[in-house]
Each structure stands twice: as C-alpha cells, then as structure tokens.
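In the two complexes below, subunit A is the common chain; its partner is subunit B in one and subunit C in the other.
== the complex of A and B ==
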C-alpha cells in the first residue's frame, strides 16, 4: 500500500479540456475485433459539465468547423466529404435523396396491342422503371383529377412489330430507344378523362426542351423480347413524383455515406510484424516504411481505402498493436444519379427540400 | 381495393394542423409537438439540434405507428426557456445552418468544376 499515490498528488485536469479517453469516445467509433464501441454521438450540451466543458454547439461554431471537399464528380456519380456535421444531418440528406427528390417516371400505360409473351402488367411495370432524361424542375405535380397538359405530363409511344426477313429477325428485342416522345400529346382517340391530353402547345417548342429532346436516359434497356408475328403498341404517360410513393421516382441509384476510417498503430511494429500487417490487410491500406539501417517499419498510408474488415485487429495481440477507428464527424458521401439530374444538383435539391421542411414546420406552428 | 391513397403519406388532410403544440400538464416547462406527415428525416435532425441547446433538459422524438404518418417530439426545458422557444430556436438555427451548408457546397462545386473545364 506504500507506493499507492494519493489523490491529492494527481495532476489537475486542465479546465475546458476533456481527458484523452473521453475525447476519443466523443469523436471516434472504436472498432474492435468483436464489435464497435462508442457508436453514439454525444449531443447533450451538458454531457461534460463535470469537466467544465461546454458541449453545446451554436451556429457560429458550426460555421467555423464545417467543410466540404469534393473528391470526384462527373455527370453520374460524385463523392465528397462533409466534415463537421452530425450523423442525423447526413442521414437526413441520404433519406431525402432516396425518397423525396422528385423525378419523372412513367405512371400510366395505355396498351392498344400486346401479343408478346410478356403480360401487360409486367410490361407496364418495366416501362415505369426506365429513367427518363427530363429535368423534373420544369414540370408540375399532376393531381389525380387534373387533366394532363404540357406542364405535368410527358407522353411516349411504343409501336413495334417483329418480322422475319430471310434469316434475320427484326425487332427481336424492344429497346428503350424505341420509345418515341410525343411533344404534342397523346395520339390516341379521345376516350376517358385520364387518357386525354390537352396540350396548350408542343413541348418541343418550350425553350427548356427545344435543345434537348426528352428520351430514355439509356438507349439500350431491354423492354421486352418478341418473336416474328408478335407486336406491341402502347402509349405511356410519365408524371412527376417522389421516391416515397414508388421507388421508380427515386433520382439516385444509391446515396450512401460512411465515416472516415482512422488507423493508429499503438506500438512500433518492425520487420516481421510489419510485413505481417501489410499482408493481413486485403484493402492494401498499409505500406512498408524504411527506417534506415535495414530495418523495416509500417505506416497506414491509405486509411481512406479501409473497408473496416477488421482483419488487422484479428488474432492474438493485434488488438493491442493496431487501433481501428472511424471519425464521427467526417462523412464520405457518395451519390450515384440515375441520370435525370447531375449528382451535385441532386444534393443541392436535397438541401433545399430540408430547408423547406424546416420553414414549413415553423411557419405552420400556431 | 382498400389500399390507402399513396399521397396520404405526405399530404396533410384538410382541417388538420401540420404542427400541433400541447403543453404537459404534469411537468413544468414541458410540451409535446405533433408534426403531421413527417418522419425520421426531420425528427432526428430536430432532436439533434435541441440537444445542442443548453436550456433543453430533455428532447426526444418518436413515430407512434408506421401507418400513422406523424411525428411526436417531446421537449422539456429549464425555467429560463420554454419548449416553444427552444423549438423555434432549434428550427431557425437549423435553417441557417443548412443555408450555410448549401453555400459552402455550391462554392466547392463551382471551384471543382472550374478546375475541370
């Protein structure tokens, strides 16, 4: 009992600073071989009151710490980092991208003739899934009782007959490029209120579509397969909608995020151990480092490539040598667009939708 | 058939308030906000924002039932504030944060695109 230090001899904690282990728990998810820990985000403003640390976050702090870094972007995909936001916000954006950003999709199919082996309802469903190259911001939502007009409906027709010509079979498979846009509206005879389209003017005369005709985003999607003598004749009406109603209106193939991985070597690893660690990692995160005098060390050169397979912390003693973590406030966000809008526009739209939600729930509070 | 209309998930029925406020009769400075036709998307974000406020003692949200398209937020504050005040502050703050976020994002995109072309 002699060498047990007195509490009074312990050094004082600096005021306004968290002890290292709490700071780690606050900002990192620690991924051990069996399970991750400290997965929750500590948001309560008074969580560290006992240490004299104010955990509240105000607008000014947010503005100071928030950063965006675009890693790559093209017409279809983008990956960017958002630093300094909470999982709640990142998840809100993901949810909005998947379910609440509007696009155009085929909703009504009027089948005049279908002698193919594919049934009418299956064919209609397949047509609905085709991504349509049209900016949804130029359109309005169509209510059920509303007549179709040039501001809320896009009309396509599909008219294919499969024929045999000598050894060749024409139109053996119906592709999405065979959908023909009807800018003047429906060509079918007046029948019911839903089928009739009252276009004030041709859509191809509108400035937003004059230069870019509306068509399927991809020309080579197989809609149906035919044999000689079979035919399909139909008309489809595409309207604006959101992914919440049906996934065909979802503007993204996927929108996902992950926390940035962080790998810390808690011991100096040399020679055999260094080689073993490099070989352990299937994602090739580690590199051999020359320490001079023929000794080999190891460093985590590409932590971003880490898939969190946890191979590096498996096995005897490895959990003591390597600490695998994720940063709680650093999100790697990936958006894969279906093509109707570029991914950066989709994300801006998602932010706008969230702002809109905020304003509605404050304005409509009596 | 008897399937509910698809739009029932996001169109507030006529005569129903989007946001309803109800004060808790048993606890001081506590209240319940019921928001119609909203879900985790906004619920979790508001809860996060409320927790950052030093005057909030308790904040939580729940979706009572998957087929009732509404969100319930419960807030309790210190006597210096009120649930209504905390709610207003959280949502307006969030609004400003998002404005800032949008601006930063667009600046970054503009810069990235100018590098490409």
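== the complex of A and C ==
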C-alpha cells in the first residue's frame, strides 16, 4: 500500500471543463447490451459548479448552437434534424403536434335514413375519422351553446342509394368523395324553414375557399358498403377541435423523434472480427475498410441507419469493442400530416401554441 | 375557468411559492421545469400533477433571493424567446431547403432541354427496362 500515490500529488482537474466521463454522461445515452444508462438530462444550473462549469442556459449560447437541418419535405411528410435542444422542449413540440394543434373534423351527424348494415353510431364514428381538407386557421371554435355559422361549421351531405342495373350494382361502396360540401349551410330539417345552421353567407364566397373547395382529403376512403335497395341519407357538421378531446382532431398520423445514434469502436477490429461485426448488424451500418497490405478494418459508415437493436454489443466481449450511444441533444424529428396543413406549417403552429401557453400564464400572474 | 394561483406568497418570505396552473399538463410542466432549472437564480423547482383526471399542474419554485413569481415570469419569457428562435431557425431551414430543391429541379429541367427532350428520354428509359 505504500507505493500508492498521495491524493495531494494528483494533478489538478482542469477548471472550466468537465472530465471526459462526465461529459459523456451529460451528452450521451450509453446503450449497453442489458440496458441504456445516463438517460436523464442534467438540468440543474449548478450541477457542475465544483468543476467551474456553468450548466445554466443562456439565450446567446442557445442561438449559437441550435441548428435545424431539413432532410425532406413533401405534401404530407417531413423529416428534419433538431440539434442543440433538450428533450423537454422537443417533447413539448411533439405532444402539442399530437394533441393541441387544431383541425376540422365531423362532430355531429344528422341521419335521415340509414338502411345499410352499418349501425348509425358506427357510421357516425367512421365519418368523424375522415380527414377534412380545410385550413383550420380560417375557422373559430364553436361553443356548445353557440349557433352553427359559416365561421365555425362545415356542412356536408351524403345521399347514396344502392341500385341494381342489369348485372351491375351501383354505389356498392360509399366513398368519402361522395360527401358533398354545402357551402350555404344545412338543408335539414327538410320540412321547416329554420335549419340547423344559420350561415350569414355562403362559404364558397369567402376568399379563402373560393379557389379551393372543402372536401375530404382522400377521395377513396370507404365509408360503408351497400346492397341494392339500401340507402344512406345524412348530413355531417364538422367543427374545429384538438386531438386532446378526440384523436379525430389530431393533425398528424404520427409525430415522433429519436436521438441520433453514435457508434464508437473502442478497439481496432481487423479481418475476421471486422467481417463478424459487419455481418452482425441487420441495419447494415458498418462497412469494411481497406487498411492496405491486405488487412481489413471496419468503420461505422451509416450511424443514422442504426435502429439500436443492440445486436452489435451482444455476445462475448462485444460490449468492450463497440460502444453504442445516442446523442441527447440531436433529434431526428418526423412529422406525418393527415393533410389539413403541410407538415412544416404544423410544426410552426405547434411552436406558436407553446408560446401562447407561456403568454397566458404570464398574463394570469400579472 | 382557466386560472393560475400562487400559494405561499402571503408569507414574509416570497422566495418560495407553489403555483397551481390549470388546463395544463406535462407539455408545459416539464418544459417549464427544464427552463427554470437552467436559471441560476433557482434553487429548487419541481412539478406534479396531483390527479390524472384533473387538468392541473402544481409547480414548486424556490429561489436564491428574488420573489418566486418574478423568476417564474422570467422563465416563461425565456421559454418564449427560445421557442421564437426555434421557429425562426426552422422556417429558415425549410425555406433554404425549398429554394435548393427548386434550383435542383431547374437544373434537371435545363439538362433535359440541352440534350433530347425530357419526355423522349423518359420513354427511352422505359423501353430499355422493358427489354431486360
């Protein structure tokens, strides 16, 4: 025990930076074969005070480090990387996208006739799930005691009769394109002058809908199946709502993120081991590398493709050779819109909603 | 009715309060806890949702000296500034991507025109795959 160095002789830790192992714990989730570790993010501003490291968040630093890289956008989907942001905020955006960005969806169905095999309530539920192609920003929320007007309600009618013509059966399946938009409002009840809605003007006269009529986002959704002699006659009222109330108002099919994978080879792997590692990975993340003189090495060429199946760290000694991690502040964010708004607009709407929440609390505190 | 209440501020010491936010959930609660924890003037912050069927978040905030209410307001302002920066950066990234994509499409169109027309090139390709 005598030749053990005294603690006083140990070199000082450098001030103002974290030791490598703490920096690893702070910035990465380490995925071992049995379980991931260091999954939490260190939030407290004074957590690294002993090292002279300030863990507080300054807006200037955030502005310097925060990056967004768009990978692809089309009408329905987008994928982008968000770098330099904590899971707390990324998750807030995701949750708002799922549950708090409004859309229009059918909420009330007035059924005049339904002789199909689908029960009224099931039919009404199916109608509710149909994505409506209408920008929800042009509409207001409808309060329960409020009358339906052109600002808060979209009316559709569906009038289908199934008939037999020779060998052919007409309207054997009712499709979502058969929903007819009624820009002038409700036509029901038929025998009175007072209708279910009180539209001040036709919605097709409004500039935002004049060029793009409201309809179902997809024309080919099957609503019901009919046999000759059966008929459906009904009217649907779509109103504005959020996914928290019912998932039919959710503007996204999914909004998800994952942390960017990082694969580090902690030992130099050559020849047989290199080949074995390439073969182990089902996502084909690794490539054989020519080291010259006929020797083969291995490199993690496509870490983004890693699904974190952890096959590469399974088995004897592999955990020592490969370190599988995820970057805590690098999110691969995917948004799949149901069509009412393009995915990039949905994301900016989500941010605005979070800002509105903050503003509301500030106003209530004052 | 949406309302935010502060408990504990009646005492002489205003540095520790519990704020009760209605009509909020983990979305705001967790994000707010993160932003406040990153503020050096905060000595403790935590939140809880007392019952899952009640839309309420209780946020406990203790500071190193300033009134808790002011620090909470600053935290909310900080979060708004962060969000605004995310929005601006995101919109710029989308715009850049779209202009880049537009430029790529234009260059593809130009190269199509310089040789044979783009349409005949396409039919040629279809034919060649058919013969395989």
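The rule is short, and it goes like this: the second predicted complex is superposed on the first by the 353 of 366 C-alpha atoms of A that agree within 3 Å, B and C clash if a C-alpha of one lies under 4 Å from a C-alpha of the other, contacts with A are read in each partner's own complex, and residues count from 1 in each chain.
Keep this in mind: contacts are C-beta pairs under 8 Å (C-beta built on N, C-alpha and C of every residue); 3 or more make two chains touch, one makes a residue touch a chain.
Please read all numbers here as calculations on a predicted model, not as lab measurements.
Visitor: Check the residue A:170 against both partner chains and state whether it touches subunit B (first), subunit C (second), both, or neither.
Guide: neither
Visitor: Check the residue A:66 against both partner chains and state whether it touches subunit B (first), subunit C (second), both, or neither.
Guide: Both partners, subunit B and subunit C.
Visitor: In the overlay, answer first, second, both or neither for which of subunit B and subunit C A:355 touches.
Guide: both
Visitor: One more residue to check, A:119. First (subunit B), second (subunit C), both or neither?
Guide: neither
Visitor: For A:245, is the partner it touches subunit B (first), subunit C (second), both, or none of the two (neither)?
Guide: The answer is first: A:245 touches subunit B but not subunit C.
Visitor: Residues of subunit A that sit at the subunit B interface in one complex and at the subunit C interface in the other, please.
Guide: Shared contact residues on subunit A: 41, 43-46, 54-57, 59, 62-63, 66-70, 73, 80, 85-86, 88-89, 91-92, 95-96, 100, 344, 347-348, 351-352, 354-355, 357-362, 364-366.
Visitor: Residues of subunit B touching subunit A in their complex?
Guide: 6-7, 9-10, 17-19, 21, 33, 35, 38-42, 44-45, 47-48, 51-54, 56, 87-88, 91-102, 104-106, 108-109, 112-113
Visitor: Which stretch or stretches of subunit C touch subunit A in the complex?
Guide: Per the stated touch rule, the residues are 2-4, 6, 19, 21, 24-28, 30-31, 33-35, 37-40, 42, 69, 72-73, 76-87, 89-94, 96-98.
Visitor: Contact residues on subunit A for subunit C in the complex?
Guide: Residues in contact with subunit C: 41, 43-46, 54-57, 59, 62-63, 66-70, 73, 80, 82, 85-86, 88-89, 91-93, 95-96, 99-100, 344, 347-348, 351-352, 354-355, 357-362, 364-366.
Visitor: Spell out the part of subunit A that touches subunit B in their complex, as residue ranges.
Guide: 41, 43-46, 54-59, 62-63, 66-70, 73, 80, 85-86, 88-89, 91-92, 95-96, 100, 242, 244-246, 344, 347-348, 351-352, 354-355, 357-362, 364-366
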